[in-house]
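Structure record follows, encoded as structure tokens.
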Amino acid sequence: MIITETSKGDIAILAPDGKLDHDSAPEIRQNRSIIDPDKMVVIDLEKVDFIDDSGLGAIICALRNKRNANGVTVLSGMNHRLRIIFEITNIHKLFNIFDDVAPTIEYLETRQIERT
Amino acid sequence: MTITETSQIGIAILSLNGTLDALSAPDFRNNRSVIDPEKSVVIDMENLDFIDSSGIGAIVGASRQKRQPVGGIILSCMNDRVRKVFEITNAQKLFHIFDDTIAAVDFAATRQSARA
Amino acid sequence: MSSIITLTLPGDILFARLASQTASSIARLLADDQQTETESCVFAHAFELAVTEAFTNSVTHAPENATSAMVTVTFLFEQPHLTVSISDANEPFTIETPAPDIESFPENGFGLLIIRKLMDRVIYRRDGEWNILSMSKSL
Amino acid sequence: MKTILAFREEEYAWVHEAFPCIHPLLLPLCNKPFIEFLIDFAIIADSSSLRLLCDGGFDAVERYCENGSRWGIDLSYGSIHPDDTIHAMLGKNRKFCGEERIMIISGFSFIRYDKRLNYKSLANTMAAGEWATCPGGRITLSGMPGKTPAHWVDAPLSLMPLDGMASYYRASMEALESGADRYVLPGYGDEPGCAFGRNVVISKSVEIRKPVSIGNNVQLLADTVIGPSAIIGSNVIIDRKSSVESSIVFDNTYIGEHLKINGRIASGNRLNDPKSGASIAMEDPHLLSGIKKKGVLRSFPRKFTHAVAALVMIAVLFIPFVILRSLLKLRGQWKSARTDFLSEATGMTMSLGKVELSTASSLTSIAAALSMDRYGWLFRVLTGQLALIGSKPLPAEKNRLEITRSALSYRPGVFSYAEAEEWPSSDGDATGGDAAIVERFHIAHSTPLSDISLIIKAFVNRFQEKSIL
Amino acid sequence: MNKSITITLPGEIKFVRFASQTAASVATLLISENIPESEGTQFVHDFELAICEAFTNSVKHAVKRDTLQMLTITFEFEPRQLTVCLRDTNGPFTIETPTPEITDYPPGGYGLMIIRKVMDGVTCHRDGDSNILRMSKSL
């Protein structure tokens, strides 16, 4: 699995491509922007075609690393398959989920202005 | 495996897509143009990514039913992987092999008119 | 017409992908003719994920020095049900574990929850010193 | 511009009898496979993509050339019929040719070119048609020529057919004598006319007379005379007082003592006379020499010294063996399986405990460094089934049984001469591979005393090699 | 790590693709980074082709019986070598079949020739009433 990382302002956008399972989960957990408690992160799941228990764990650990709720990790571009898994496990309640990266960035930018 | 059939200047062109093995060989053998001993057929193998001895057997068997054995079946756009299996079995000696389907059709047409 | 396919693998996470790929291709192969493309995709994905979770659980819960412990994955197809059972020699376990409480940001434990939701029937039984987790779904 | 290289199997059928285990297109000319000369010429004549056409299979050629990335060109393969005309070939490769000018080199022949001359402008501007021909070979240009250059520069070009041993010999000598200034030849040499490969060991009192080309892993022993006009392949040993002059020695060949090779082609165990085409096969598949009869291997003094040395090793290594073995057994890292090996008596096998030290850990590397995995075999030296140092024991497989019948000097040992020599250990078995050459040489030459020093060297080499793990 | 994987499946031509693809994904497990890419893909392609031929032969030569024949494929891992064995319950056969002349192209004759070409070592022996075809290749 390859993660392409871009950034917009100081918001980091991670786009994993492939399967997010036991082998690839560590790549998410050890990613700098995921570990940094103050970094605003968007995880674009558009190109993820498979996620399992350890993949979900890696994403939740991203949220756990953030100092407080507004170090928000936001998910976008989820395909139908992933959406079912998130709903089954109720994880969708923890995240702001958008269907595309652009609206996610706008949402974060508005949050940033509020916070400062 | 899926077979899409087109025809140009009276020559049938079968494009094979997928794998040609013992499982998919019957679809090829029962194709109308393959069975018709008068019909010259060009087999476009550009999208054929796997062949085994049953696949080669099917093509060789088909060419043997043609009235004009060597010219009856002409092969085009063979990739390296398929070519190697032909070479292992020496079956490439039985066919005219082109790297361009149009060239193969032109060759078949000239052979056909020469014979008619 | 019923067919049985068994796959015996070393209990090593390296083979998780192989187990789940096998499950997905068997599901797609057996279901092929009776379903539309999307239905057979969903059917195959359900088995791919269920087997990944079950296999990963077997591996992670294996005792430390059991380097050569094997895990067996058996597929039984009796029209229209496909049943996959994973058996390993670990300690007994139960599948009635409560769904992880989401507020505590759990980082694992979703496996059995996902299996129970994706599969129509999930049965756990103990046979001698073997755990057998059978999961089935119909077309 | 693009190039097509077209061959027909019957053009090089003679190579199969003369040099059985080499693909004709990979026949070494001087110190390079034949096909590379054609590829070099195509590149010099400004081609960046090449297509190889043949009516037979490519397998070994394709494994060697792959996609041409080694020469920075794009190389592809195709098949033709023996009776295809140039026009038919172009038709079958229309996608490859496109609208470009195409140079077609057909036939199994040697191209005489000079890399310093400008074939590029000539190739692009000459009118379509034949550029050079010889019986059985042709270079043709097709497609529209480019604009003619201001001044016309001529670059002589000719073809020589390779239709038998004699023409092959002449072509190789021509490539050697004109050397690196005309052709693109590998190997480095301090002076023109001398090309050496890697790991070439030249003993004192060896005389080298230019022009000479020597491959990799070659040993020239005392008082040998090499050249003039000598082409030596790789993995070759030329034994004492032998001379090789205007001759070609193929890879994996061992030239024995006191042999005069003049105007010959030596490969494996065959000595060919290119002029008359006669060929003599030596008795042992690898030896071009009069090897002493096998009796010497079993002579009492040799067996006695080996037994004594084995006893010493058993005593010295006993304590570490007992400790290490029990420790490793506890941790499941000491697995011993009875495996059948070829015994010295031809066609017979013996079963030895082959020890596998599985996972790499500090303990297993110490055990391997002290050759603990071969401790059990030391007792077989006492019973005479194994030598303390000899050939690497060969696992017994069906096709291996004939080998021992033909190879006179297979003497399985706890350590192998190749390990003593630190020879690159390709796990080649007794028939091929360079380790076999070293084993043959030492079995032919070593005395009981030299065996002792080689045993120590083998043990030390294994110690260094394993302990850095 | 010498480990092994076993698959038992019905000897039906319907499973030939599944068997070949499983062989390919098992072979891929051996490809580590330090193996050149072209050699790696060739290694995987060779196993896919070898198992496809072996499986097809076993199905084709099956004695027409009412009960379906079960085939067992076992993969044995060594650091740089993979060995695959196919066990079937057909009549005995030898792998030394003469290479058929291309002109009289018999349908089955080429399978073993291809296997011998793409694999390093091929042996076949009888074990009770079944054949074990053993093919291995190293990297």
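Labels A, B, C, D and E are assigned to the chains in the order they are written; within every chain, residues are numbered from 1.
In this text, a residue touches a chain if its C-beta (ideal position, glycine included) is under 8 Å from a C-beta of that chain, and two chains touch if they have at least 3 such contacts.
Note that the structure is predicted; figures quoted are calculated from it, not measured.
K.L.:
Starting at chain A, find the fewest moves between touching chains needed to arrive at chain B.
P.N.:
3
K.L.:
If you average the Cα atoms per chain, which one ends up farthest from chain E?
P.N.:
So the chain farthest away from chain E turns out to be A.
K.L.:
Closest chain to the protein CA centroid?
P.N.:
Located nearest the centre of all protein C-alpha atoms is chain E.
K.L.:
On a CA-centroid basis, which chain has its centre farthest from chain C's?
P.N.:
D
K.L.:
Can you check how far apart chain C and chain D are, centre to centre, with Cα atoms defining each centre and the answer in Å?
P.N.:
Inter-chain centre distance comes to 52 Å.
K.L.:
Which whole number of Å gives the spacing of the CA centres of chain B and chain D?
P.N.:
40
K.L.:
I'd like the Å distance between the centres of chain A and chain C, where a centre is the mean of that chain's Cα atoms.
P.N.:
About 27 Å separates the centre of chain A from that of chain C.
K.L.:
Please list all residues of chain B that touch 2 or more other chains.
P.N.:
In chain B, residues 88, 90, 93 touch at least two other chains, as defined above.
K.L.:
Find every residue in chain D that makes contact with two or more other chains and list them.
P.N.:
none
K.L.:
Which chain E residues touch at least two other chains?
P.N.:
Correct list: 14, 17.
K.L.:
What does chain C use to touch chain E in their complex?
P.N.:
Within the complex, chain C contacts chain E at residues 3-10, 12, 14-15, 17-18, 21-22, 25-26, 29, 68.
K.L.:
For the complex, give me every residue of chain E touching chain B.
P.N.:
Touch residues, chain E against chain B: 13-14, 16-17, 20, 45, 48-49, 52-53, 56, 59-60, 102-103, 105-111, 113-114, 117-118.
K.L.:
Write out the stretch or stretches of chain B touching chain E in their complex.
P.N.:
The contact residues of chain B facing chain E are 19, 21-23, 50, 52-54, 56-57, 60-61, 81, 85, 88-91, 93-94.
K.L.:
So in the complex, which bits of chain B are touching chain D?
P.N.:
My answer: residues 77, 80, 83-84, 86-88, 90, 92-93, 96-100, 102-103, 106-107.
K.L.:
Enumerate the contact residues on chain D facing chain B in the complex.
P.N.:
For this pair, the touching residues of chain D are 55-59, 62, 76-79, 81, 91-96.
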